[in-house]
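Structures for review follow.
Both complexes below contain chain A, partnered by chain B and then by chain C.
Right, the complex of A and B next:
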C-alpha cells in the first residue's frame, strides 16, 4: 500500500512537465558543486544562461510545432539566413540597425510561413518539407556569401543586444528578451483559446476539424511562430558572434528538438511544455558545461547529446509502460 | 493518350530515368566533355556511396519508417575499418568489423523502435548523434589513416572484367534488392507493413520482425558504403558521412518511394542517386558554383514529392475503375499524412500490376 502510494505520488510528480528535469538539474548541480568549485558560481551560471537564451527561443518554437503535430528541421538554417540578412543590410547597404533587425526577423517569419504553406497546401509531410527547406535555405546562404563569413556590421548597440556586452550582474539583453517571450508564450498557452485549438490539432486533426478548428491555419501558425523565433534567435546570434559564417547555427535544430523532447514534448503531437523546453535547453547547456569542467575533450559533446536524447526517450517510454501496466492487468 | 501516359507513369523508375536522360543530354550539349567515358565512369563511381545507402533507405521507407542515422553509421563503419588497419589487422577482419558495426547500429535502432515502440524518427536522430560522436571521439584519439592493405584499396579502385568494382557491387546490389523487393515474400511483407501495419499483422505478418530486418539492412548497407568510401579516400575524417542521410532520402523519394510507406522502387532510387551525382558534377562542369547543389537538392526533394502526389492522383483517375474514383480522400480530407494513408489503401490494382 505504502509502496503503491509512494509510486503513484512519484508518478504524479514526474508526470508534471519539467519536474524530472528540474530534479536532474538539482542533482547534477549538487554533484558538480562537489567536483568542481567553479560550477556553482554566478560567473559560470551567468555564462550558461547567456548560452541557453538563444537555444530556449528555438526550443520554444520547436515545442509549438511539435504540439501541433509537426516538426521543424529548418530552424538552424532560418536563424543563419536571418542573421545573414542583418549583416548584409548593415555592412553593405548601411541600413540602420533597427530596420535591419526587423528585416532579419521578418525573413525568419516569412520562411516559417512558407514552410507552413507548403505543408498544408501541397500536403507534403512536415519533416520532408522542413528538411528540404533546411538544405535549400542553407544553400542560398552559401551561394549568396560564397562561403565567406560576413563581417564589419557590428557596433556597440548590436553587441549589447546580442549579449556580447554584459549588463550589471553579468546579465545580458537576450536573457531578458527570451524571458519576456517565454512569459508571453506561457500566458498564451495557459489562457488563450488558440492553445487548446493547437493541442487539439496535434492530438487528432480530424476531430479538431470536425470540432470547428481551422487546422490549416493552426498548422501554418505553428511554423510561422517557429520561423519568427528562429529569426529572432538568428539576429541576436549575429550580434553575439560579430560575424555570420554560412554554417552558423548548423545542427542547432537537433539541439532544439532534444530540448523540446527532454521538456516533455511528444513527437506524436498534442503534448509539450514551453517551460519544459526552456529547462530542457538549460539542461543541454549544463551538460556541455559539465563536459567542459570535467576536462573531457569537446569531441565527446555530440556523443553525449545523442546518448542523452536516447536515455530520455527510453526512460519516458519505460515510465509510460510502467504506469500503463497495472491498469491493463 | 491520358491512359497511356498513366500506364507509363506506373512503370517503376520511368519518370526518374527520363529526368536523368534529359539532364545528361543537357549537360552534354553544354559541355561535350561531360559525356566522355572517363567523366561518366567517375560520376558513376562517385554516386555509388549514396546509391548503396539509398537502396537500404528505400526498404526502410517502404516499410513506413525512416532512418536518419545512415550517414553517421556510414562514417562510423568506415572509421572502425580504418581503425582496425591502424592496429595492423588484415583486410578481412577489418572489413568485417566495419560491416558488423553497421549491422549492430541497425539492430539497436530496430530493437529500440520495435521493442520499446519508440518513434523511428527520434531514435535514429539520436543514434545519428551517437554514431557521429563515436567517430569524432575515435578520430580525436587516433588519426584514421595508414596501414590499409592492397586488397582493401582494390575495393574502391580495382576492376572485374573491365568494370570498376564499386560499380559492379552497386549494380549487383540494385539487381538483387530490386528482386527481393518485388519477387520475394519478404519484399511483399515490407510493402504490406508499410501500407498498413495493422492489416499486415491481421494477415499473419510479424510486422515487428519485418521492421527490425529493414533497419538491420539499412545499417549494413550504410556500412558497405562506409567501408567502400574509406577505401576510396584512404583516410576517414571525423565528419565523414554527415548529410548523406539527406541525399539518400532524396534519392529514394526522387526514385518513386513513398514516404508514407507501402511503395518503394530500388531501381528508381539507384537512378536518382545517379541523377544527383550527375547534377552535382554537372554544376561544376558547366561552370555553375557547386554551392548551388544544396539549393538544387532541396528544391528537387520538394518537387519530387509534389510530382508523385500529382502522378498518383493522375494514375488513379485514369486507370482505376470509376467505382473507386473519389471514394478515398474525397469524403475526408484530414491532416497532411492522412491522404497518403487513404491513397495507399485503394491502389491495389497498381500493386498487382507491378508484380
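Right, the complex of A and C next:
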C-alpha cells in the first residue's frame, strides 16, 4: 500500500518534464563530489554555467521549434553568420558595437523568419528546409571570408558581453542574458495564450486550425524565435572567442537538439519544456566536465553524450509503456 | 403542419445532395431538428450519415439543397461558419489536444485574455473557469480536472469536455457522432443523462448511432437513411429496433440480383478440403476463444458493427497483433503465425483496408507494388530480377484488366479501383492458399466493385479460399457463401449468403437477421 503510493507519487514527479534529468544531475554531482574534490566547487560550476549559457539559448529555440512540430538544423550556421556580421561591421566599417550587435541579431531573426516562410508558404518539410539553409548559410560564410578567420573587432566591452571577463562572484554577462530570456520564456509558456496555440499546432495542426489558431503564424514564429536566439548566441560567441572562423558553432545544432530532447521535447511535436532544455544543456556541459576531471580521453565525449540521449529516450518510452498498459502493435 | 415544424426547427436541411467522384454519397436528404429535442440519425454503413454530418459541420459543402438555421438559409462554408451558426460537432475521433489542459482545450482559439496585457496576451484562467463552472457542475465534471492535461482523462470525461466546449460558446445544435464508442455500459448511462440535460437546457442534439437498442426512450425523433436518401423520420416511441432495421435494409431488387448474379456466376466448385481452421484464438486486443473454419473454394464473410472486433480478429489471424492463445491449421497443416511475414510464408495473404495508408506503396510502380510481397521469387542473390518481376506483373495486369498506361506507372496515379486490383494482384502473386480481404471495395466505383467480386470468385473457384470482411451489408451477403456475424468481440451467429436464386424477400430477410444479430441489445461494454 505504502509502496504503491510511493510509487505513484514518484511517477507523478517523474512525469514532469525535466524531473528525471534534474535527478540525474544531482546523482552525478553527488558521485563526482566523492571522486573529485574539484567538481563541486563554485570555480568549476561557474565555468560550466558560463559554458552552458550559450547552449541554453540555442536549446530553448530548438525546444520552441520542436513543440511547434518542426526541427531547426540551421541554428549553428545562423549563429556563425550573426557573429560574422558583427565582426565584419566593427572591423571593416568601424560600426559602433551596439549597432553591430543589433545588426547581427537581426540577421539571425531574418534568417529564422525566412526558414518559417519557406516551410509554411512553400510547404517544404522542416527538416529539408533547415538542412538546406544550414549548408547555404555556412557556404555564404565560407565564400565571404574565403576561409580566413575574422579578427581585430573585439574590445573590452565586447569581451565582457561575451563572458570572457568575469563579474563579481565569477558570474558573466551571458549568464544574465540567458537567465532573463529563460524567465521571459517561462512566463510566456505558463501564462500566455500563444503557449496553448503553440502546443496545439505541434500536436495536431488540423484541430488547431479548426479551432481558429493561426497555424502558419505560429509556425513562422517558432523559427523566428529560434533564429533570434541563434543570433543572440552567435554575437555573444563572437565576443567570447575574439575571432570568427567560418566554421564557428558548427555542430551545435546537434547539441541543442540533444539538450531539448534530454529536457523532454518530442520530435512528434506538442511537447517540450524550456526549463528541461536548460537542464539538458547543463547536463551536456556537466558530462564534458566529468570526462575531463576523470581523465577520460576527450574522444569519448561524443560517445557518452550519445549514450545519455539514448538512455533518456528509452527511459521515457518505458515509462510511457508502463503507464499506458499493454499496447497494440 | 409543415409550417409548424419549420417554426420550431433549429436546423432544417432540404434536399441535400453530395457527389464524390464515381459515387453519390447523399442524393436527397431532408429533415428538421426541433429545438430542445434529441434527433437520431441512423442507417447502414454507407447510407450517408457521415456525409450529412460533415455538411452540417461545414467540412463539406452540399452540391445542391439548403441548410436552414433558425429560419435563415446559410452556407456553412467552413467549420468556423458552422460553429458561428451555433452548430458544434463532437467527432468520433476526438478533437482534443492531449498536451493541453481541459480548460485550455475548451477555449482553444477563443481564449479569454486579461485586459491590458497587450502583446503578451495573458490568458485569464479565472474568467474562463467562471464561464464554465456552472456547466461543469451541471454535467458533473470535477472542476479540479479543468487544470489537468486531457491525456489523463477517461473517454467519458473527454466527451464531456467537448460538450462543455460546445456549450460554452452557445451551441444550439450539438452533433454527437457515435458518442458511445469506447464507453463502458455505466459510462453510457452517464452520457445519456448528459444528453437529456442538454435537451432540458433547450439545446438540440443530432445523434448518430449504430446501436439501435439505445434509441428507445432517448430519441424524440429518428431519421432513417438508406442509400443516401431519407426513408422516413419517425417518432422516437415508434422506433423499435425491428422497425428501424426494416427501414434501413430493403434494397432495390435490381442491384441485389445483379450483384449476386455477377459474383456467384463463376460458380463455386466446392471442394470439401479444409483450407483454414482456427481454434480458440485469443489476442492482446481483447479477443477470446474464437474459432472458425474455411473450406477450399469458399468465400467466408465476416461482418459486424464498428468495434465488433472484425478488424481485430483479422489482424490477429495474420499476426499483426499478438495472439495469446489458439491454433491455426492451413491446408491441414498446423502453422505458427507470429508476424505477418509468417502468414505470407505459410500461404495466407492479406489485402488490408485503408488502401491509401496501408495498401499501396505510393511512389512505387504498379509492377513493384505487385511483387513486393513475394520478392524472394523474383530475386537472385539479393538482387531483384526486374525482367521476371515485369513479366509476372504484366500477366496480372492483363488478367485483372488494370487500366493504366503501363506496369511501370506510379501506382499513385491510378484510380482507387485500379489501385485495389494491383493490391489484390500482390496477394495473388504470393501464390497463397487463402487470401483475407479487408474491405476489398472501400472507395472503389461500382464498375470496379463488380470486377473485384469476380476476381475473388475466380480465385476461390480455382481452389483458393477467401475471408472477406466488409461493412457493406449487401456486398457481404451477396458475395459470401457463409457469413459470420461478430458483436463485442464474439462470433454471435452464422448466416448463409444470398444465393443466386434468392428473391428480394429472402435477401431482405437475411439483412434483417444480420442486423438483429449484430445490433442486439448489449449487456456488456463494447470495446472499440
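Note that in this section the second predicted complex is superposed on the first by the 322 of 329 C-alpha atoms of A that agree within 3 Å, B and C clash if a C-alpha of one lies under 4 Å from a C-alpha of the other, contacts with A are read in each partner's own complex, and residues count from 1 in each chain.
Throughout what follows, a contact is a pair of C-beta atoms (placed from the backbone, for glycine too) under 8 Å apart; a residue touches a chain by one contact, two chains touch by 3 or more.
Model, not experiment: these values are computed from the prediction.
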Original post:
In the superposed model on chain A, is it clash or fit for chain B and chain C?
Top reply: clash
Original post:
Among the partners chain B and chain C, which is in contact with a greater number of residues of chain A?
Top reply: B
**OP:** Figure out whether A:168 sits in contact with chain B (first) or chain C (second), or with both, or with neither.
**Re:** neither
Original post:
Now for A:199: first (chain B), second (chain C), both, or neither, which partner does it touch?
Top reply: second
**OP:** Kindly classify A:191 by the partners it touches after superposition: chain B alone (first), chain C alone (second), both, or neither?
**Re:** second
Original post:
Counting only touches as set out at the top, which of chain B and chain C does A:125 meet: first, second, both, neither?
Top reply: first
**OP:** Tell me which partner A:254 touches in the superposition: chain B (first), chain C (second), both or neither.
**Re:** first
Original post:
A:213 contacts which: chain B (first), chain C (second), both, neither?
Top reply: second
Subject >> Which of chain B and chain C A:94 touches, first, second, both or neither >> reply: neither
**OP:** Superposing the two structures on chain A, identify the stretch of chain B from 22-30, 94-102 or 184-192 that clashes with chain C.
**Re:** 184-192
**OP:** Enumerate the contact residues on chain A facing chain C in the complex.
**Re:** 187-188, 191-194, 196-197, 199-200, 203-204, 207-208, 210-213, 270-271, 326, 328-329
Subject >> Parts of chain B lying in touch with chain A, wherever the complex brings them together >> reply: 66, 112, 116-119, 121-123, 125-134, 136-137, 139-140, 238, 246, 249, 253, 259-260, 289, 291-299, 301-302, 305-306, 309, 332, 334-340
Original post:
What does chain A use to touch chain B in their complex?
Top reply: 69, 71, 118-120, 122-129, 131-140, 142-143, 146-147, 205-206, 209, 215, 219, 254, 257, 261, 267-268, 297, 299-307, 309-310, 313-314, 317-318
Original post:
Taking the complex as given, what residues does chain C use to touch chain A?
Top reply: 79-80, 95-100, 104, 108-111, 113, 120-123, 284-285, 320-322
